[in-house]
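Working notes for the structure below.
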């Protein structure tokens, strides 16, 4: 049986606990570099690429939020498109009242939080599959309610009014930057959130809910908070979606396809990692662009890969890469000695630290 | 000479990182009762579950009637003749008493124990055979669970903590069955926390402590002081050497 | 009188919903799997009936005779391979995999058959109906589907309560580990449950195709209704599923009567209310939640 080992013990024999295997400076510099490159993209690359990048940002936002919900907080939702739609239509609503659509983004996020809050009181009585399908019912209900509001366009849809009066290229660039900005904020917020106390709480809940509850963790509050954050982020994604499409139709904004994309992308990239959804989105768009002429085939292939990944490599591509090479670009777990103590893993932290489990009453 | 029904050799079982069973070996013969005693966490139930196939061992072999069953799935072992009465009874709650027995008999081997015979052993059963299993008391459920295992006509019966949660008078009645069962040639591997009960019915005793064998012998050979030490632990040097089981 | 027609229409569609839902209920009750591809399987059956069985010179209306057993076999295989592997991982994976399958199937159908609406040809039967009163009409096809639903549910109930295999299915549903200890290969039993579920969903899909137009995306909305039926009626009771289906059907018809846009909404509301007030459903057992 193995004992605690560590090649990087400090002088007094205690084990060192670190955040990542490399210096955080690399992460910072790397991130800044990428953000810089992406910001100047619209001026440098062809216009269609900019559009693809814009859609990429939107999906990254949605997927990061879905991953927070499912991969970290253990809540599988196939109804997040409710907040995509609600965020988009909140933007329309405020724009119709005369507001500049760009300023409505935070309002859209807040609207989603306000609507999500009472919903959690019903949803949280459910688990697993019941929870998942009920989120879908909620999304369906939200879509039906919106489609019946004539002033929001009803069945035919409506054009988003009040866009700033500037030349189309500049408007495009502005939309691009705003969309990218939202994605950046959401990813960064998730990163810091998971490194905070809440992140540890989530990991403990996910690993063993009963233990977490009995050690005093406010499980339901933590879950609720995460659900609301996900609603806000997804709502913001819906808002920028509205900005980029400018013509809103319930069939599009509340489409189950968003749920499918968020899910596939996170599964393939790697649940429970921040880099995972981003990687998944990269693969998704690469596939979509290369199979652009083949109709829905990219979705079929992507879906099949997602299913295969779920069964055979549940950590996803990034998860597998990370485990093999012990590299983390955006670390949210802890390293003890030189063994990873996985707070982002299904198995308990104690087990991975090679500590004995407390003896169970029945052996 | 009795036939060796079950032979476990140097079995080691882990629960994740924890070593629950550490190099344990023993045999169970036809018509005899081997009792495993030990405290909570000593590894007894894990051992039984591994023998039944519900848990995978890390190393070691399990032979049943000479056949190596170490890699067989639980239902294959059951059909060969190893029956486990698990801790907590584990009846099918929504099925009736009779249906529980019928499931047990579904893959039964030929033998003396039929559903009718079980009804003779427990005369309160026939009247209540259409009641659902969740409605019975703990002691009654234990009897039904034993019945369910018996109707398969096993060669080896694994009994896990029969006395847990039961009143003394009920325990007495359950334990009174054991000689009856053994008389048919069935070998019994009994796991018990309660030493008096366990040693009382045993032909041989095997003590476990923190996954390892701490003491073996027949009830006649072992003193209560020895068993106590083996149960709770103490200096290993203070304990008598293991008795090798006569072949 | 018009409300009577609403109720009657609700009952008719409710029978269909129950037929649709019983497979879902079975798979959940036995192996705790919510098959998110359930609705799409039904649609596939309808497509098979319309496009493939004519090649075997079977009229579409009799397609179910061949398609249902075929789907049973497919169900067993899919269960023993894909779904069992997902179950072995965790419930999470099962949800993700069945959802993935659902999206794959829908898009495959879209690619192969386009998004045009299709219908299963039942000849003149489609337009025939019974008019006991001027305002009440009962379409023969719907009535036949209701009869089929009741027959299937009844047969299934008898099978589960009286047969040896049915007993094993119930035992495995209660405690599959204990079933193993009695010599039962629970994976095989899971396979049988899935086979039954797929066979019934094939029947449901073909029935759907007879009653109304279907398209690749029809699976999604029907899954929703099947799930709502199961929740309203309760897991673990087939007659509960029938009652659940009828309750859902009636609620939807009421909603539609007020405003056609409210049909699905009314059903959703009933579902959410039952969830809030009595989550185990009208006839379900308390332990049935996921």
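We just call them A, B and C in the order they show up, numbering each chain from 1.
Assume contacts are C-beta pairs under 8 Å (C-beta built on N, C-alpha and C of every residue); 3 or more make two chains touch, one makes a residue touch a chain.
Since the structure is predicted, the reported quantities are computational estimates derived from the model, not experimental observations.
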Study note, to complete from the structure: Sorting chain pairs by contact number gives first A-C
Practice item. Considering only mean CA positions as chain centres, point out the chain farthest from chain A. Key: B
Check your understanding: chain A to chain C: how many Å between their CA centres?
Key -> 33
Practice item. Let me have the rounded angstrom distance from the C-alpha centre of chain A over to the C-alpha centre of chain B, please. Key: 51
Exercise for review: Indicate the whole-number Å distance between the mean C-alpha point of chain B and the mean C-alpha point of chain C.
Suggested key: 44
Check your understanding: Okay, in this complex, where on chain B does chain C touch?
Key -> 52-54, 73-75, 78-79, 83-84, 86, 90-95, 99-100, 102-104, 106-107, 148-149, 152
Practice item. Mind listing the chain A positions that touch chain C in their complex? Key: 70, 74, 76, 78, 122, 125-134, 136-137, 140-141, 144-145, 147-148, 256, 260, 263-264, 267, 295-297, 299-300, 303-304, 306-307, 310-311, 314, 346
**Study point:** In the complex, chain C residues that touch chain A
**Key:** 28, 32-34, 36, 82, 85-86, 89-97, 99-101, 103-104, 107-108, 110-111, 220, 223-224, 227-228, 231, 261-262, 264-265, 268-269, 271-272, 275-276, 279, 289-290
Revision key, fill the gap. The answer for chain C against chain B in the complex is residues 164, 167-168, 170-171, 173-175, 177-186, 236, 285
